[in-house]
Amino acid sequence: MKTTVIKRATFSAGHRLFNPRFDEKKNLEVFGACSNPNYHGHNYILEVHVTGPVDSQTGMVMNLKAIKSVIEDEIVSKGDHRNLNIDVDFMSDIIPTTENLASRIFGILDQKIGTGLLSKVVLWESDNNRVEITREKGGGI
Amino acid sequence: MKTTVIKRATFSAGHRLFNPRFDEKKNLEVFGACSNPNYHGHNYILEVHVTGPVDSQTGMVMNLKAIKSVIEDEIVSKGDHRNLNIDVDFMSDIIPTTENLASRIFGILDQKIGTGLLSKVVLWESDNNRVEITREKGGGI
Amino acid sequence: MKTTVIKRATFSAGHRLFNPRFDEKKNLEVFGACSNPNYHGHNYILEVHVTGPVDSQTGMVMNLKAIKSVIEDEIVSKGDHRNLNIDVDFMSDIIPTTENLASRIFGILDQKIGTGLLSKVVLWESDNNRVEITREKGGGI
Amino acid sequence: MKTTVIKRATFSAGHRLFNPRFDEKKNLEVFGACSNPNYHGHNYILEVHVTGPVDSQTGMVMNLKAIKSVIEDEIVSKGDHRNLNIDVDFMSDIIPTTENLASRIFGILDQKIGTGLLSKVVLWESDNNRVEITREKGGGI
Amino acid sequence: MKTTVIKRATFSAGHRLFNPRFDEKKNLEVFGACSNPNYHGHNYILEVHVTGPVDSQTGMVMNLKAIKSVIEDEIVSKGDHRNLNIDVDFMSDIIPTTENLASRIFGILDQKIGTGLLSKVVLWESDNNRVEITREKGGGI
Amino acid sequence: MKTTVIKRATFSAGHRLFNPRFDEKKNLEVFGACSNPNYHGHNYILEVHVTGPVDSQTGMVMNLKAIKSVIEDEIVSKGDHRNLNIDVDFMSDIIPTTENLASRIFGILDQKIGTGLLSKVVLWESDNNRVEITREKGGGI
């Protein structure tokens, strides 16, 4: 059996989807209303999956308080009530699609949690749209 | 018995809470992270309550398709993927708190639906924060 | 203070919205796809509100097990996995809109619960559409 | 129009429903499995409704941060991960039904929020069971 | 890392579970109330998972608008407010269990989306019952 | 394609996280408020995943009524409104963390369902905390 413990957190942020290498018409075609110049935003829901052996002394894979702290310190405190295009260092060089945001979050949390325990990150942009980043078996990231 | 039919809709928008008559310190004190200058945003959920007699020929208070059209035309098409401080005419002169946004939505929908049928508007800014605007009994708005 | 205890239940049923006094075109205009002749269906969520004094010996307005039994016996066992147009006696003479279904449920439960304790019935047809039937103050139903 | 701002919070607690003036058989009859002697528990969801005029300078009825603080200090910090029958002072003399718990929470929050602004407290014990305490019009509590 | 983008949609449909090769007693034994002859129905929730590389120009696996269009054109417009036993071509030769409905939806969407990007289809019949169809690794469907 | 049918159920239980081999300070450090001596509790949500071939006569992987019965008989009737540390035989020798509870549930259900059909158990302790136990490919449990 494989055991995974999962912690959910939320943050609200502004963003705009826009590729400076595209002209205005192409941006509108690809990103639609998401490219509106004055920014809009979302309530993001983030789910962090940590997979590993259960410690027999604590009955835990990893303490949920520790997972919560890492999420708070590395992601929520940097992204909540911020503009992803302007205010968030780890998104400054990339289009803030849910795919890219989830991928960067995976990279940051994977470094902090360490030893390959992070198995998946799920990010909801809305009730109907979400992205999952999953570690491939038998490999790094 | 009183019969109320309720329609739910969603839209995502950016905003910033800020009173130009307050100095920076006062804005931060009152609005906290909501006053961050580069905007953030939310997935808003809007609920529109229409109260009235049930038509015996249709079995309806008001056709849900008609309520949906009014919400779409008057609110969602104007606010979705927009910045409430900059892009939305009916919010241009007021701080975009959930209270003020819900109140303006009530006023607009009340005019369009007419004959005092609109009884309540509920607006969620997040799972944990929402505002309800209710028509007072025996009066106008 | 007024105390209300609320019980939620669910049932799934088929229906078709159709007024035999309307011609086909008028039915389609009023009821749209809901008038499709071969029936469709919904997962209904029912919420029953009982308002009254709290018994000092039990700390309850009314025992939730009793409310659950009434809902089960009078509504769920008669409507669940049934066709509202054909199989459900209390809907046989009326168009099965959510308004009419909620109203009939209010009438049935009000008789069974008695002494005017039933204060509201809420019925969801879908996440975005629901109806509330509320007892008017100072009157019967 | 009447404006209400609503804040949601959660806490998890243990309890047992039991009236020492009832014998064992009567306790089982009234409270069922809820009277099991070794305690069980729930994830409670609490909703606090504050109704009043909107301040034109802030666009708020009452600052959500202030409502959150009162809920945290007066309710969550005293009830979360506690046993309602043993550990929580404001429940020590009463059967911890959802009705009684919601009523005591209303009383505590009403004193702290003051000036009659608290209009309703809603308390979920589970997805299917909840209680609402509403201030009666034109009166105190 | 593997990136999956997920789109959710809903539709309401009627159905009846019934195998003409079973006699009435066997149908009742296997399908219970789901075999009631006059049909009942559900609000189905459909989730479509698309897994593939992220395009560096758009920051997307596949444009959510395109996924939404395929779901709308191929599934929702054909199944919503329809009877799965009678009105829906792609279900005409098979018992409309959630397993079979989800499997047919997987087959249709897999052809339309192409190049093996569709990785999973999830279909809820109710809050408590759902089916997942997952592409096996290293193979076709 | 791989087909999985999933059934959800709920139960409410009390517990306390505590390792008798740790001293009081260590218990508090590891388990925090979860180690409070008088117990607290949760509304647990349990999801049971059964993966296998679809029977062509029934259109089912396994009858949901049978899965529901097993969950009810083996888990809910033994854990609901009980104290996991005191009343539940299958948890009597282990710290009742969500990891351990989910793992024991997997073991019990796997024996009852048989032939390796049980593929996953998911257990929510709260909206934000859950555990998944997944069968490893190509092996037993």
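Going by the order they are written in, the chains are A, B, C, D, E and F; count residues from 1 in each one.
Everything that follows uses one rule, which is that a contact is a pair of C-beta atoms (placed from the backbone, for glycine too) under 8 Å apart; a residue touches a chain by one contact, two chains touch by 3 or more.
Only a predicted model underlies this, so the values are computations on that prediction, with no experimental measurement involved.
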{"item": "Chain F reached from chain C - shortest hop count over touching chains", "value": "2"}
{"item": "Given chain C and chain E, the chains that contact each of them", "value": "none"}
{"item": "When chain D is superposed on chain E by its C-alpha atoms, the rotation angle in degrees, nearest 5", "value": "180"}
{"item": "Same-site or different-site touching of chain A by its copy chain E, using the half cut", "value": "different"}
{"item": "Winner on C-beta contact pairs when E-F is weighed against D-F", "value": "D-F"}
{"item": "CA centroid of chain A to CA centroid of chain B, Å", "value": "29"}
{"item": "Distance from the mean Cα position of chain F to that of chain B, given in whole angstrom", "value": "42"}
{"item": "In chain B, residues with contacts to at least two other chains", "value": "32, 127"}
{"item": "Those chain pairs that satisfy the touch definition", "value": "A-B, A-E, A-F, B-C, B-D, C-D, C-E, D-F, E-F"}
{"item": "For the chain B and chain C complex, residues of the former touching the latter", "value": "1-9, 49, 54, 57-61, 63-65"}
{"item": "Residue numbers on chain F that touch chain D, as the complex places them", "value": "10, 12-15, 32-34, 36, 38-43, 80-83, 86-87, 126-127"}
{"item": "In the complex, chain F residues that touch chain A", "value": "17, 19, 21-22, 30-32, 94-100, 102-103, 106, 127-136, 141"}
